[in-house]
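Order as written gives the chain letters A, B, C, D, E and F; numbering starts at 1 within each chain.
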Amino acid sequence: MQLITAVIKPHMLDEVKEALRGVGISGMTATEVKGFGRQGGHTETYRGAEYQVDFVPKVKLEIVVDSQDVGKVTEAITAAAQTGKIGDGKIWVTPVDTLIRIRTGELNADAV
Amino acid sequence: MRRKVVAVSLVAMLGSLLLANPAVAQDAYEPTIQDFLDNTWIVIAAALVLFMQAGFALVEAGLTRAKNVANIMMKNLMDMAIAFIAFWAVGYAFAYGSDAGGFIGTDLFFLQDSSTYEGGLTLSTNFIFQVAFAGAAATIASGAMAERTKFYSYAVFSLVMSAFIYPVVVHFFWGGGIIADLQIGNAKFGDFAGSTIVHSAGGWAALMGAIFLGPRIGKYGPDGSVRPIIGHSMPLVITGVFILFIGWFGFNGGSELAADLYVADIAVTTGLAASAGAIGAVLAIAFKSGKPDVGMAGNGLLAGLVSITAGTGTITPLGAVITGFLGGVLVVLSVLFIDNKLKIDDPVGAISVHGVCGVWGTLAVGLFAHHGDAFVDAAFPLEDGTEYTSSGLFYGGGVNQLIVQLLGILIVAAWVLVTTGLLFAAIKATIGLRVSAEEEMEGLDILEHGAPGYGPDVSVLA
Amino acid sequence: MRRKVVAVSLVAMLGSLLLANPAVAQDAYEPTIQDFLDNTWIVIAAALVLFMQAGFALVEAGLTRAKNVANIMMKNLMDMAIAFIAFWAVGYAFAYGSDAGGFIGTDLFFLQDSSTYEGGLTLSTNFIFQVAFAGAAATIASGAMAERTKFYSYAVFSLVMSAFIYPVVVHFFWGGGIIADLQIGNAKFGDFAGSTIVHSAGGWAALMGAIFLGPRIGKYGPDGSVRPIIGHSMPLVITGVFILFIGWFGFNGGSELAADLYVADIAVTTGLAASAGAIGAVLAIAFKSGKPDVGMAGNGLLAGLVSITAGTGTITPLGAVITGFLGGVLVVLSVLFIDNKLKIDDPVGAISVHGVCGVWGTLAVGLFAHHGDAFVDAAFPLEDGTEYTSSGLFYGGGVNQLIVQLLGILIVAAWVLVTTGLLFAAIKATIGLRVSAEEEMEGLDILEHGAPGYGPDVSVLA
Amino acid sequence: MRRKVVAVSLVAMLGSLLLANPAVAQDAYEPTIQDFLDNTWIVIAAALVLFMQAGFALVEAGLTRAKNVANIMMKNLMDMAIAFIAFWAVGYAFAYGSDAGGFIGTDLFFLQDSSTYEGGLTLSTNFIFQVAFAGAAATIASGAMAERTKFYSYAVFSLVMSAFIYPVVVHFFWGGGIIADLQIGNAKFGDFAGSTIVHSAGGWAALMGAIFLGPRIGKYGPDGSVRPIIGHSMPLVITGVFILFIGWFGFNGGSELAADLYVADIAVTTGLAASAGAIGAVLAIAFKSGKPDVGMAGNGLLAGLVSITAGTGTITPLGAVITGFLGGVLVVLSVLFIDNKLKIDDPVGAISVHGVCGVWGTLAVGLFAHHGDAFVDAAFPLEDGTEYTSSGLFYGGGVNQLIVQLLGILIVAAWVLVTTGLLFAAIKATIGLRVSAEEEMEGLDILEHGAPGYGPDVSVLA
Amino acid sequence: MQLITAVIKPHMLDEVKEALRGVGISGMTATEVKGFGRQGGHTETYRGAEYQVDFVPKVKLEIVVDSQDVGKVTEAITAAAQTGKIGDGKIWVTPVDTLIRIRTGELNADAV
Amino acid sequence: MQLITAVIKPHMLDEVKEALRGVGISGMTATEVKGFGRQGGHTETYRGAEYQVDFVPKVKLEIVVDSQDVGKVTEAITAAAQTGKIGDGKIWVTPVDTLIRIRTGELNADAV
């Protein structure tokens, strides 16, 4: 099993979710995160004083999948999350030893 | 402490602009205690109406998203400030100055008045009460234009609205203009506190603004599907509704322009209509969607208030309950129709609450007018020679009152739709009306005003 | 603008329900400026009292969780709307109609009144002021029943409360019923603005509601341990407290039912008691738990207000400070006792603030009554022939006043506990009183009203 | 209901503290309807001013961080409570008691008054209005001292401020003390509603507090760089501003101390100056930083209000617009200067709004005084024998008025700076003024008051 | 060392925390997340318009443990987090190369 | 590639961010989390009732780096995030199979 972690632009979440459904993904976990990267942040002014905001809002998706599905899933995400503008985000894939479904105790593939 | 009379008489002597003073010329006539009482009550009423500005701000803020909350509050704060200055400089003059062709007033600019006080409300009292109405009329559009309008462009709109467009509407009727002259049989137009003059005027401006802006990004799917955009805070909405509710006792009660025994009657019809409106809206939306929507309950209470504003002085308590209840039902149907059928994006339902219910409330006078108020003459001879009946259709007054009400509504609609249409077109063609898509997505607070409305320590999302 | 007399006399001629008008019959008597002043002041006071509804809503919303915030605001909005209609239709009649057996009023339904105005407050003025009290009485229970009550079931309760249960309480005393007739020696029951009639009545209803509902899930551990459920917003709580504070100047000051020089005296005792209550509560809670709890400070200020409500017209400033301070201490002890010992779950402390302090404030009249007000006769001959003393125990008035106060308290308690008990039992047996455990966990906003009180862009947890 | 005269005359007979009653001695003189009207209006105005406390709380809460929100609300609640008790016990006496050396009052402690009522405002009316001012004066410093002051230490400050420091300032002028005696030529010091007496006094205390506390952790970098600390809620800020705005109609309008026709004139100058202030500040900050900052707009409106407070009774509408506009510009420059140059950390801009604009508003009287008010004599013979001119420099009144204004400002500044300096030094040396760095970082809500101001279900960060 | 990631129902957090304490776990990191899965979401209505909410609130727990403890920890979580209703959540186990305690720089087992 | 996960004290975020910039890190993802550990929580009192708060606010940083950079990055974090007081937090390092830049589809080292 593998864990696919994708950091995307918040407003792309719906598109990505639909894309994942399209490739048969039935489950995922989303987290609101803040990203620091090439995209850079922006300057804000409060009561006349300027300040720099380095972290921009992003959404992180975690999806545990069967190793053989990794390719299609990452492609689906890439396709759906791409705006072409800097800051589209990253995907990284990490190995998973075991996946357990709490409700049933099922393991790995059965637990997805 | 009361001041030396010398001060007064001195003031009376001064003329030029720099020396202008609303207290001018109080030497001739010796004010009575009734004068003091009337003026004091109207100043208090004005404070209540000015407080409504906070109610508008909170309702609009709560029904929109957190990323635009500072912008909404700011718009409501600044359009009041702009209205004050504009209405003082020219607006009051256009509204209440000496009539020119039934269309506009021509003196009292900067509250310059050469006439002498002869009892009743002073110029200052009239101004402070009327300017509060001007602020309300201007701010109604703010909600319908929320979450996508450039701040400065909105400021320009609210300047023109409170300096010219609204004052002319006021002149049409309260200023003794063309609507005041309307008469069909014995029936004259009646709008005691402004269902048409203030609310429908604001509602028409809101409609034009929403049309010129177009819907918020994501509001309607490419397939034409309707996507709700959830307001970020019901506590703000309902707090705003409560503030508007108590402010309305100043709005309607103060419109009696005197501290007499009718003020309480007005308070009763006002409170009953508001309550019936809330109940009507809750039943209607629960029937429509199965859930008693909280924001709609708030809209319903406001709808009841707007609906009774025209007839608060001439409609009975029972009439007020009916008028308010129907207003509450109507606002739900209207919100759904405008959203689903017309696909005009009005985030807070301002067009329905102020426009549609403003019209309904004005027509309601034609149906329920029962006893006379400052405008509606409740008693007049009918063809058959009988006398002293009420002018409302349901009281045997015939359709005359209803027709004259309709005419007044149409005149105001035509004026406001045309003028605001031209205004928004001009703004759009020059400084632009709508923010960039990127700004809209990130939120207006940061890009229009520099910083988020909720600090970085409060987790809210764009 | 004042209206043509013809309108008035016309109105006077009309009778049937549809033609009803509170302004009826003002022809006989020519109102004086004092009449205008009194009525205007009471309408303003009514607006202040109606504003308290927003204060209740905010205090309750702030002391409960974010997932139920829309439901709480909605309950407070709708019970006011319901109270308005119900009190107009029947409540006012039950309260102030012609007495039947000292128990209930029998006319004035829909404000139908055939009598002629002879000065003082008009029917409209009395109604608008009293309906605001009815709304308050109904909404008190809302806080104690928060976070677990079905919306429609609560609506039914508030309808019966404001239409029947509360009006009967009012009739008992202000309506000239059995409590008004109480007399021990020369002492008659005194409750100037409603410590017992409004607040303890609401408090008893709150107690019954909380008992019938049972505690919120997770409030008490299986081992009986007490688990605090933290309110989600202190700014909402304290804003609500401030609103209630200023509203109370209308509540107590308006209860003078006239614009005379006593109004200011009442304002002074009201403000002092509120302040002493806040200080008393802060000291008490800091002593108990080491920390000056913010919500308790708010409860304390309200406790001071409730405590002085009965005696605001008859107690001296110093007496008010003592009464309020003890009220503040009492509310802390009471909240802890009800929570830890009785294990009755009252999320906002309504039972303690309104019930316990309502009782205390009423008894305080028996201790501190110093000069006469509308009800308490401060001067009467004593057994020993001496005259002109105050009726309060601490002023040599003996225990009579204290005893009669106690009797009044017990009558109201008995009536409200029994009737609300039956009512809640009936609701429970029919449409049900409490939401499902799952709904309670997810929050009432989504399941009762369809959508969250804070939008998806605001991160709040269930 | 009006009370039996016996009660009154009884009351008149009582003397001792326990028997004290502000209504004392109304038997001699038969109050007129004007008396009733005046007293009623001032009680209403007092309620409006007391409501301002909520406005202060919300503005301060919104401009600071979520982790300190309960502490800020609590401070504003408790300093009002403390002010009430302290001003009743001794403050009012020090302010308005029989003069001793032009410095302080010496009787009326606990509102004990042996004099008989002879019309005008009763002692109760005067107290309820003045105590509201005392609360305001005390709470101004709260904002400048936000996010780092120990709760109990702040309570001690506000006790001394409202019991002694502020009352003495009041005595200096309104109490007939040294400032009231100032005269240069025919010009006497004028401060109608308290630009200097209330606002600059509070502003100086705020300045001292901020200096003694030092800046919040992280406000200024080691390199001296200035780091903005973003307020957590603009909706709270602007709601607070609206509340302060309407409260100010009571603040200025009530300061007429009578219900006469000048009240409306005052309302007009008040509303115009506030609006001009908001506009001035928005233009100034947009010019400075390119963005119309929302908090600054709020500060600007308040700056306009503070600026017109001294001259609201003597300045024309145009003068008010100019005064308010410049106040709005000034507040922006002042905030930036204090923050960037002086590096004094005033989270809400209290020093600039109340201190700087309080001074400006007082000087503005010297420039724009046009007609007479209770203090400024607008008409007097000039050297050249001409008569009846205004005392303002711009109206040919010469510099006398300006100079006397300056003297009054300096006296108040000296008194408040010295006394609050000693007070803060004493607190620092004893119980300590500032919380620990760790507490400051975690937030005052949890460590000072036991629990977070926003519940665990609301995601806010330390 | 291994990283155990568990996504559970929010109101089960206390029970799970206690269960973990019970098996000697002295540290963990919790994150509020939103989950998409078989449990599905629910429909809401706002101003008369219906809309679908796909993501439901969950809590994610991350616990780095000695490899030999993985079994008992996952069992403890499963036992404590199970309601038997759909949506109980998942546990996945991933390898950890190094664990460092920032305060001391201690490594792996010593850093737990 | 490796994924470095660091849980630190919230107010150390700026220092750590600068330190990471210092060692040439151009991107990272931050999440607000709550930590349970030796540091323990604290007691709060609400309306007179005491209760225990076990979870304290922390910030979690996730940084995907070239394997060879792991050492300097973990050192940079440790150095910057250390206050010496209990609760400074943890760092754990886990293997990453692939890193993808969504915008370009670039892989691994090129995607950083």
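Everything that follows uses one rule, which is that contacts are C-beta pairs under 8 Å (C-beta built on N, C-alpha and C of every residue); 3 or more make two chains touch, one makes a residue touch a chain.
These numbers come from a predicted model, not from an experiment.
Peer 1: By label order, what chains touch chain D and chain F together?
Peer 2: Intersection of chain D and chain F contact lists gives A, C.
Peer 1: Report the inter-chain centroid distance for chain B and chain D in whole angstrom, where each centroid is the mean of the CA atoms.
Peer 2: Here the centre of chain D sits 33 Å away from the centre of chain B.
Peer 1: When the C-alpha atoms of chain A and chain B are each averaged to a single point, how far apart are the two points in Å?
Peer 2: 48
Peer 1: Just curious, how far off is chain F from chain B if you go by their C-alpha centres, in Å?
Peer 2: Taking the average C-alpha coordinate of chain B and of chain F, the gap between them is 54 Å.
Peer 1: Which chain A residues reach two or more other chains?
Peer 2: 31-32, 45-46, 94-95
Peer 1: Can you list the residues of chain B that touch 2 or more other chains?
Peer 2: In chain B, residues 33, 37, 44, 48, 230-231, 233, 289-291, 293, 450-452, 456, 459, 461-462 touch at least two other chains, as defined above.
Peer 1: What are the touching chain pairs in this one?
Peer 2: A-B, A-D, A-E, A-F, B-C, B-D, B-E, C-D, C-E, C-F, D-F, E-F
Peer 1: Which chain A residues qualify as touching chain D in the complex?
Peer 2: By the definition above, chain A touches chain D via 45-51.
Peer 1: Per the contact definition, I'd like the list of chain F residues that touch chain E in the complex.
Peer 2: 2, 5-8, 31-38, 54-55, 58, 60, 74, 77-78, 81-95
Peer 1: Residues of chain B touching chain E in their complex?
Peer 2: 226-228, 230-231, 285, 288-291, 293, 295-296, 332, 335-336, 339-340, 349
Peer 1: How about chain D: which of its residues touch chain F in the complex?
Peer 2: Where chain D meets chain F, its residues are 441, 446, 450-452, 456, 459, 461-462.
Peer 1: Which chain A residues qualify as touching chain B in the complex?
Peer 2: Touch residues, chain A against chain B: 10-11, 32, 42, 44-46, 53, 57.
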